[in-house]
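Each of the next two complexes has chain A plus one more chain, namely chain B in the first and chain C in the second.
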Partner chain A sequence: MRLRLEKRLEPSRRMLVLTPVLSVVAIMLLGIVIFDGLGYDGQQAVWELFFTPVLDAYKWRDVATKAAPLIIIALGLSLGNQAKIWNIGAEGQYIVGAIAAAGVAYSTQSLSGFWIIPLMVLAGMAAGAAYAAVPAVLRTRYGVSEVLSSLMLVYVSLQLLSYMVTGPWKDPDGHNFPQTASLTDAQLLPHDIWDSGIPPGLLVALLAAAIFYVIVSRTVFGFSIRAIGEAPHAARYGGFSSDGIVWATLMISGGMAGLAGVFELMQLGRLNLGYPSGYGFTAIIVSLLGRSHPIGVFIAGIVLAITYVGGQVAQTVVHVPNATAGLFQALLLFAILASDLLVRYRIRFSIKADPLTERGGA
Partner chain B sequence: MSMTFIIDALVTVIGITTPILLAASGELVVEKSGVINLGVEGMMLVGAIAGFAVTFETGNPWLGIVIAMLAGAASSLIFGVLVLSLGANQVATGLALTIFGIGLSSLIGSNYVGIANDPLDSPFPDDLAKDAFWRIIFGHSPFVYMAVLLVLAIGYFLNKTRAGLVLRAVGENDFSAHSIGYPVIAIRYAAIAFGGAASGLAGADFSMVISPLWAEQMTAGRGWIALALVVFAGWRAGRLLAGSYFFGVLMALELYAKASGFAIFPSQFWAAMPYLIAVIVLAIISSRDGKGGKAPACLGKPFIPNG
Partner chain C sequence: MNVRPMALSSCAEKIRHIPSIVGSSDGRRLGLSKEILHTMVASTRLELIGVTKRFPGVLANDRISLTVKPGEIHALLGENGAGKSTLVKMIYGIQAPDSGSLIWEGKEVRIASPRAARRLGIGMVFQHFSLFEAMDVIENIALGLDGSVSRNALDAEIRGVMDKYGLKLDPRRQIATLSVGERQRIEIVRALLLNPRLLIMDEPTSVLTPQEVEELFKTLRRLASEGVSILYISHKLHEIVALCERATILRGGRVVATCDPRQETPRSMGEMMIGSDLRDPARGQVGVAGPVRMCVRGLTLPKPDDFGVALDAISLDVRGGEIFGIAGVAGNGQNELVEALCGEKLSPDDQTIVVDQKPVGRMGPSGRRKAGLCAVPEERNGHAAIGNFTLADNATLTARTRMGFETQGFIDQDGARAFADRVIKTFAVKTLGAAALAGSLSGGNLQKFVMGREILQAPGVLVVSQPTWGVDAGSAAFIHQALIDLAAKGSAIIVISQDLDELLALCDTLSVINLGRLSKARPVNEVSVQELGLMMGGIHGVNAPVEGDVHAPSA
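For the complex of A and B:
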């Protein structure tokens, strides 16, 4: 018997949907083995990591809170993914978005009015987009890979954050902690929407997913992104500007990351050194696990949020180290990348000599 | 400026340059074979924890170095299998390797937080290594000498040997190399593993010499600087050596600005500087297309024979 790969004429739609699910299941099984190998109770650890946050209603809010920024950032990234433009510096755009919103908050401390929150949102989105414009300029004018330039800027944004919270915007009443003053009531959204337990960020994520669904599937812009990604030369003959797509995808993903930054700032109530959470990096996993499709991204965002919350549960119950969730997120990404093979190829088991028995082997 | 200060400064620059030189040298070989591995930062962290943990458990730093290289190579092979055998996207897979390295090193390292090892000293006798002047040559950790030898050896290998020529051919035109009988995939596997070992070694330099105390994500983004360095150097070993020390000076400025309370700019400005300069330098190098050195033609493209 032998294994044979056969290229599919078209990517399998069934596999496109099925492989992310298979990846999650595979990682759960692998997790049992890994935890057992490390000397923990593998089955219980995986249970706490993946199922407790789903089954325990008290954890739902945590999951929703963590899912919101992941989904918002990943929706933006999913456009670039389809055009094969890699903004891997979303973490930086997320941080400058929060810094800009905190700047608005800093200068409106003694004011009130309905306009403050919209202004914070606008400032955050504009800052995120502007920060993503740097790799866009560098790529379209100088041919610099957006992968490296966007990533370098993450480290710059971390230093900017550190400077702002230890320097000019440091809370004078903060007992010398490196943090800004708390947001005022006029700068905060209600914790729940209509007392439903749904954080405002998740509602924004849901709306954004709907808007992206329309953009991707119903507009010429959405079509041109896919065209550039799949057949750049043909797309250029078709009159689509590849520079234009670089600009659009980077600015949109930067703006979305900035937006997520604003909501996370409102969620935490102030900016401090602990603000950078790696959501900008995890969102890359979310967008790939969700197959860059708005509905898929929404579900994937919740799955990854579950691993964050479950990681904390597993830490307290099974005493696995805090870093476990990160490791599982990486393994999940490996699995999803490996399973791409099933989308593009068909695997056939066959006994070479006799084509008639080919189906029997499978 | 006194002589002592100048020598101190040079020793500092050489020390902090070494990990990025090691990692960038390895990545140079990987990229010359036509593969871009963005997992340098992750492989460095895996090497860092492996080197630290083995040194702590066995008391033998040399064993730590060997295991760090093996661990770096092993983690790079995850990337290798995905991009070479399964045809996965190199950018996404490299990034996954970095996230994996951060997670794995934090997981293993959770047992070692706050523990310190003795830093690995110069391999030369104290008469030379501690001499007020000669320490500038003999007073470094073994990593420094390994890094310089490595980049020189790679320069020789790529430009003067037949095997180096084959490796470059694979990176420039994989299908031609395949059609005249070179094992493209096997050569790329070897290059990736070599790059992984070099990154592992670079990580061990962090955890065994630069700050011999385990801390999560202690490589702090230096792996990305190493990736930028390869572009900066125009994929040439000689310029890689020079470029590394240039970035070493920038990184030393941060340390000196912190130590002296140098007040014109805040310390965060100096910390951000290597990354800012890297972006600017990438723009300058890339805009001088051709003169700045060209990327291998097949860089980042999957190779699927009969595909």
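For the complex of A and C:
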């Protein structure tokens, strides 16, 4: 008996929804095996990692706080995914967004007014979009792959951050730590909305998911993105400019990453060297796990946030290493990419001999 | 036996190997005449018995049996999707049959790979060439050979084969400089170098001018006279009548008939192919008097890439009610012209293309559609339609503005579905409905949908490229009728096609595109097939002797 892959006539929609769930289950099982092999209590590690954050109400706020930036960034990335334009540099746009908002904060330190927060938000989004415009120019003008250029710009943004917090914007009262001054009250959003325990970022994420849902499913713009991703030539024939879509998707995903950067800045209260969190990279996993669908992305964002929070829990309870959350996120990415096979192929068991073996010689 | 004296054992040895030396140079070197060799061997070269091949969702070949004799030119006939390609792929070792047997010169074989097929003496010339543009002929041929040979030895061998079969080609030329007919000759030479005893030709004439077809037929007849069997796949029926002595006709994966084409007419074979009567398109009055609806003046565009074709000062006028045909061998600028006309490539000047007095040269596809210019490109999958999109979404792709299901950037999904349903109904598209994926439709049905989508938008000007390419005869007749009806309502239509029969049956005016230049347009009843052929080959303005208008019968 042997296993055989058979191409499906059309991609399975059921599998499209089912495989992300299967992937999560698969990495839980794999996690048990791995941690047992490393000498930890595998079952408990996986339990703490995936279930404690869900069952323990004290952890919900943490999950929500971490989910918000992941969802906001991943929503932007999901547009690019559908157009098959891959922005790998959301982390950089996220950092640059935070830097711009911190710049606004720096110059409004002694001021107050309702306009400061909107200005910070706008500055962050604009900076993220502008930073994503660099790969857009390189791609549309010179045919440079946006995968490479956007990724490399992440490292540029790290240098910029390091320069700003150790140089011009260093907090004069900060005991020489590489950080900016704390945001003032006029620069901070309330921690929860109406004391509900929901951080403002999550509300924005929910709102953004709704808007993206309408864009993708109802508008000509959303249609053009899907068309470009499926068949660029047909999209051109349909009257859509592929350069225009490259620009639009990169600017939107850059802007969203910048927005997430602003909320995270407000969450932390100041910019410092420890600011880069890898959310921009994790959001790539979120967008893929969520199948680039706004609702899927929202759920996937919460799942990945759980692994962050659960990683910390497992660290203290089971004493697994610090890298545990990252390990599971990476496993998840592999699992989701591998499971894509099931969307396009079905597995058949057959007992027939291989028809391609030569019989009798030619 | 008329064999020179030789030791008995050696003679027996030869006889045992006779199947492999018939038709080969070894056989001829022995001094055996062809007739004798033929009487000595089994009278079949290849026999298929009950060959079956199943793909997911389709039975491509269903218990197919056929025999090919030495020196026979055997036609394999059938509509697209009838199973011809699958069958020859199994003979050439690209695919393996699920059941049934292949008997090669009296011995059952299992052909595991093309390499094994070549070792047996089976050669194949594919419809689509696999040549490297930037290399020369010798290098390309060397790449296709199983062993390694020195360049000079190969050069000599190639020249030898070419001389023998009257194939003219300089082996040192670069592929990019060759015409399609010349490229095909390379593939033929490549196959002949291996001294095949069965040569499979897959739709070899679809890219050739009538003159090139005649040259090819001479070569094939010559090969057959030397004992090489030829399996000839085509759906051009008059060619089969002219060339083949036996035909196996496939429909829906089964053998439905075998016949002697010389005793049949193209029409009778066409009816065997589709299994019903052929309907001729009903043309109303010929003669065009409408106003000029489409005017192109001096359309010049540079090559899109190294191997594309530049458009050189193309000018044409098409009147309302007129069907304007553009003939030409593939790769002479047809795709570039369609892209320039439909707006995917902008013209240098707004006045270059004028639709109903409105200059549209600088407009993209959406603007041109609003002005009344719709187009259907040659490639259905991934250009005219998106396989992973539903038919409703494919309707949105091009019909959203003209049919009014786009308002302020939002798509009216119900409107799109309703329009897709109307196309499906009006054009008898076989599908589950507007929610079916375009990729789930057969080629002919998808083409009907695409054509219907553009025609139902009632365009003032319609540009179509290869409207019936790869489409079964029934659907082709339907599409032709729809084009004629659209013209009768006053639209101007441009049909770009490689199929001369189609153009002659459909068009009022004909022109030929060659190397990106368009010949002067002429009324269809003033040009002959011979003349068109010469123009397609690049000889413009030739005063070919008028021998009456020879219109090939349409299939």
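Going forward, the second predicted complex is superposed on the first by the 352 of 362 C-alpha atoms of A that agree within 3 Å, B and C clash if a C-alpha of one lies under 4 Å from a C-alpha of the other, contacts with A are read in each partner's own complex, and residues count from 1 in each chain.
As a convention for this text, a residue touches a chain if its C-beta (ideal position, glycine included) is under 8 Å from a C-beta of that chain, and two chains touch if they have at least 3 such contacts.
Keep in mind the model is a prediction, meaning the values are calculated, not measured.
Contact with neither chain B nor chain C is seen for A:347 once the two complexes are overlaid on the shared chain. Looking at the superposition, the partner that touches the larger set of chain A residues, chain B or chain C, turns out to be B. When the shared chain is aligned, no partner comes close enough to touch A:207: not chain B, not chain C. Shared-chain residue A:273: touches no atom of chain B or chain C.
Of the two partner chains, chain C is the only one touched by A:220; chain B is not. Legend: residue contacts after superposition of the two complexes on their common chain; A:230 is shown touching chain C, with no touch to chain B.
Using the contact criterion defined above for the overlaid structures, shared-chain residue A:321 touches chain B, although it does not reach chain C.
When the two structures are aligned on the shared chain, A:7 is found in touch with chain B and with chain C. When the two complexes are overlaid on their common chain A, residue A:25 makes contact with neither chain B nor chain C. In the superposition on the C-alpha atoms of chain A, the part of chain A touched by chain B in one complex and by chain C in the other spans residues 7. Interface residues of chain B facing chain A in the complex, by the touch rule stated above, are 38, 78, 82, 86-89, 91-93, 95-97, 99-100, 102-104, 106-107, 109-110, 216, 221, 224, 227-228, 231, 266, 268-269, 271-272, 275-276, 278-279, 282-284, 286-287, 289, 307. Contacts from chain A toward chain C in the complex involve residues 6-11, 218-221, 223, 226-227, 230-231, 233-239, 241, 355-360, 362. Chain A meets chain B in the complex at residues 7, 38, 86, 88, 134, 138, 141-145, 147-149, 151-156, 158-160, 162-163, 166-167, 281, 284-285, 288, 321-331, 333-334, 337-338, 340-341, 344. Across the interface of their complex, chain A is touched by residues 56-57, 96-98, 108-112, 116-117, 119-120, 342-344, 364-367, 369, 375, 377, 379, 382-389, 393, 396-398, 400, 406, 409-411, 413, 437, 439-440 of chain C.
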